[in-house]
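Before anything else, here is the set of structures, which you'll find just below.
There are two complexes below, and they share chain A, which is joined by chain B in the first and by chain C in the second.
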Partner chain A sequence: MKQLWDYLKVSCKIELENQLVFRSNFFVSILSVVIRVAMLLALWSALYQGKTQVDGISLATMKCYTVVSIVFELFIACNVEQSVTGKVKDGSISMMLTRPASYPVTLFIEQLANTFQAVVVWVIPYLLVILLCGFARGVQLYLGPWFWASALGAYLLMFFYQLFFGMIAFWTQEISGFLQARDAVMLVFSGSMVPLWFFPEKLFALAQYLPFQAMYSVPLSILIGKITGPDIRSALLVQLGWLLGFWLLSQLCWRKSRRRMIVNGG
Partner chain B sequence: MNPILSAEHLTKRFTVVVGRKGLAGAVGNLFAPTKREIMAVNDISFSVEEGEIVGFLGPNGAGKSTTIKMLTGILTPTSGSAEAAGLVPYQRPRENARNIGVVFGQRSRLWWNLPVQDSFEYTKALYQIPEGVFRENLSYFSENFGVSEIMTKPVRTLSLGQKMRTEIAMAMLHNPRILYLDEPTIGLDVVGKNELHQLIRRINADRWVTILLLTHDVLDIERLCRRVMIIDKGSMIWHGGIEELKRAKGMEKHYHVLYESPCDPIQEPFIQVVQAEGQRHHYLCTEDVPMEVILPRILAVGKVVDFTVNDPPLDQVMRRIYTE
Partner chain C sequence: MGAKITYYWRLYWTVLGMQLRSRMSFRLNFFVMLAGVFLREAATLALMVVLVRKFDGLAGWSTWEIAFLYSFVTLTFRNFSSFVGGIGQIPAFIRTGEMDVYLLTPSDPLFLINCRNTMIWRSFYNIGILAVTIYCAYKAQIAFAPGTVCCLAVLILCGMFILFAVYLIIYAVSIRVVEVSALLKILDSVYKQYMIYPISIYGRIAAWAFTFLLPLGLASYYPSGVLLGRVAGLTLGWGTLVIAAATCLWITAAFLLWRVFIRRYDSTGT
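Take a look at the complex of A and B:
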């Protein structure tokens, strides 16, 4: 435990430093998020065409959802899958496997460190901007325990989901084509770009069975009060189900892959 | 004494998909891949004593890397077994990792954009190196190998030589008993190579660390190892001392003789006369003929003023072994 705690501390420090090495790069990436927020806000204003409500959602709520979802995306961002597939492809995975810590555990620590960096550098500044610019004005936000539980669930789900696909790379060596297709589906069905409640009924029903909505839509909908009461419990159960599923799958893949792995390169 | 590193009939087979040629073949591969078994490592046995530096050689694709991956616990052998510092590496890879240091010349463990000290601290946390041991090792490497002046420099600004020294220092921070060096001198210039050779010899002597050195560079072997293992196509083709290797495999010996006055060259079936102009004679013997047979013949044809015997250079020996 002490090893993991020390490891987490030093990883957080390194991730943060790494992010701040190149100043111009840092400022440009801040700018890019600002531009994205501004574009999406303009888009929703245009789509509402002066109406105050569409499908029972006010423009103010919609704008709030947009801004919060971008911040949430920064919080939940995970590059475990990319990190593993890249290392398998160029063979540097062998260096990760000669460490005195289990590889999946190492990856989780790295992910925590990454999130620490994201929260300090991105999430906190943006939350301040949201409050200062009044994006949350006139919107009733729910910040109770159910929201935090769903955010934590989404975070863990995202990690094990990516870990699972990363582990598949041990078998297949190359799955980037498949992953691109999957990400396109994810962009639509996670509700991070367009809220799921605007979907046609059948697509909405389909989205409920996919894991993607449990990563973005569930916590965000709870936050802005779109899901309430007993619906929260069932949404969290679905999320928990996916979480356990991907946890099991990733563990299984990891055990198996250690035995049949081929390492690239000399 | 028990060996610190050993392998018994170590074997690794892989199943690979055989790529077929052309578009039709590529499409065919998608649906009905042709599989083939390849024998990457075939029945290798050896042992290494504590404190030795052993060279591990072989042409590209000979199975060196696969062997090392089994010894370091990354891959599980198909059959046979290995033991490193009292552990079976692939059964307990994490415990094994504490006993070994691994340096790959072509891959870095350092954080590219950050000062060297950050990478060291990272290693300290990961390996749970006690503060005292960490400080001691840090001062050892600072004093001996000039690591102190580069501690605050970002890794990307280091020269290749500095980087390799730093990599080795980092791999030694947790006091491993076995150090695996995979092409540590790759890309270094003469000075850099020389410095690295000194460093490796020094840590071997001071720390009593056992070193397995994978390399293509014959100079590394000549400077550092007393014993080599050579594998090709997955099998061990030579295992023993370098001098014995030269004797057994490099039978080409050159004799340069300076006689007091011009004389006729030796006439023997086992000696080739490369040059015999006046007093200077150059003979070549490609068979394993003992010195006591050749020497009298050389002395018989004239009065000798100067005489040198050249052993075959190691790279020539290697070339011969690889092409045999």
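Take a look at the complex of A and C:
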């Protein structure tokens, strides 16, 4: 356990240092999020022109949803698929097996370090911006335990989901095509770009059967009070179901994949 | 001159063949990737239509006009990435020092880098996007006269070259600053996610910046606007001419800047 803790500390340090290697690039990346926020807010203001509410959602709530969804996206951002695929392709995956900790555990620690860096560099400054610029003004936000539980659930779900897709690389070697196709579906049904409640009924119903809404839409809807009361519990149960499903699938794939491993020249 | 063209023509197809064969090592992935890109574009278009319909239009533009603007932007970007997007590898080559290899060959380094990394096979789904663009143009009530079709073709080409110029300027800058990934990320997301709406919604300063400073509006809002008759003071013919002239200026500026910076290239570790 101590070894894992030490590994986490070293990984956090490396992730932070990596961010600051090219300083100009780092500052431009901060600017990129500012531009994104400004343009999205301008877009929603233009859409709401002459309207006070659409589907019971006011412009203030929508602006808050937009800004918070960007911060949330930075928080649950995961790079596990690329990491696994890269190692499978160049054969360095064999080195991972010689380590004392299991590969999925190592990946999880690296992911935690990545999140630590994201929280320090991105999430905290943007939360301060949200508070200082008054994006949350006039909006009733729910920051109780159900929100934190759903945010944690979304984080873990994203990890196991990406781990499962990363494991597919053991069979196919290259999965970038599958990821493109999957990202297209995710873009629509996660609710990160356009909230699901603006969807036509049939699309909305379809989104409920997919795991993507449990990653973005559920925690964000709980936060802005779109899901309340007993609906929170059922939404969290669905999220838990997806989480367990992807955890089982990724474990199964990991066990099977070790027998299919090919390293360069082997 | 003739011999030089023949040389480059042969070289283009030879390098392209090599690249296609290497891509075919993962055949299933290759085809799924093509389908995936198409699916992604379709999904974004569907999302945008859902959104604009819900709000009964945007800044006075109807759903189909916005859909036309979106398909135009997508077509321009896809043409750019299919035919000249190979230059996207330049920052990576500069970072790793691989640029040295291209500078040592007798051929033009930009040409070689482009055909070494170009994704011309993707152009087959550009046909699909073109069909969507034409359908959206029809629904947005653009009259299809021969002149309009010619202007549409010229404006698509102009958009492609404007993007080429903008990206080339950033790649030239990468020779000095090495890491430009964040800048490229901004450019990609601004063009693909926000230029699909009329630039007037972002305010006057942004509209000015997207016209004169970072001319992404010249590859999106203005060409679509002149085709839809939504740019005040510019008819289709004049609008096309102005955009074509601006494209020539930007291309010239980009090549000049590239030449200046590439002379100062100092490789890695030196």
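Basically, the second predicted complex is superposed on the first by the 263 of 266 C-alpha atoms of A that agree within 3 Å, B and C clash if a C-alpha of one lies under 4 Å from a C-alpha of the other, contacts with A are read in each partner's own complex, and residues count from 1 in each chain.
Definition applied: a contact is a pair of C-beta atoms (placed from the backbone, for glycine too) under 8 Å apart; a residue touches a chain by one contact, two chains touch by 3 or more.
Being a predicted model, the structure only gives us computed values, none of them experimental.
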- Query: Among the partners chain B and chain C, which is in contact with a greater number of residues of chain A?
  - Reply: C
- Task: Identify the partner contact of A:Pro100: answer first if only chain B is touched, second if only chain C is, both if each is, neither if none is.
- Result: first
- Message: Between chain B and chain C, whom does A:Asp231 touch in the aligned arrangement: first, second, both, or neither?
- Response: neither
- Message: Let me test your reading of the model: by the given contact rule, A:Val188 touches which partner, first (chain B), second (chain C), both or neither?
- Response: second
- Query: If you stack the two complexes on chain A, which partner ends up touching A:Ser32: first (chain B), second (chain C), both, or neither?
  - Reply: second
- Message: After the superposition on A, what does A:Lys13 contact: first (chain B), second (chain C), both or neither?
- Response: first
- Query: Is A:Ala42 in contact with chain B, with chain C, with both, or with neither (first, second, both, neither)?
  - Reply: second
- Message: Taking the superposition on A as described, I'd like to know which of chain B and chain C A:Gly177 touches: first, second, both or neither.
- Response: second
- Task: Starting from the residues of chain A touching chain B, keep only those that also touch chain C in the other complex, and list them.
- Result: 21-22
- Show which residues of chain A lie in contact with chain C when the two form their complex. 21-22, 24-26, 28-29, 31-32, 35-36, 38-39, 42-43, 45-49, 51, 54-55, 172-185, 187-188, 193-194, 198-200, 203
- Message: Give the list of chain C residues in touch with chain A in this complex.
- Response: 26, 28-37, 39-40, 42-44, 46-47, 50-52, 54-55, 58-59, 177-183, 185-186, 189-190, 193-194, 197, 201-203, 206
- Message: Going by the contact rule set out above, which residues of chain A touch chain B in the complex?
- Response: 2-3, 6-7, 9-11, 13-14, 17-18, 21-22, 91-92, 94-95, 97-102, 258-259, 261-263, 265-266
- Query: Touching chain A in the complex: which residues of chain B?
  - Reply: 14, 16, 60, 64-65, 69, 72-76, 93-95, 97-98, 100, 102, 104, 106-107, 109, 111, 113-114, 118, 121-122, 124-128, 154, 182
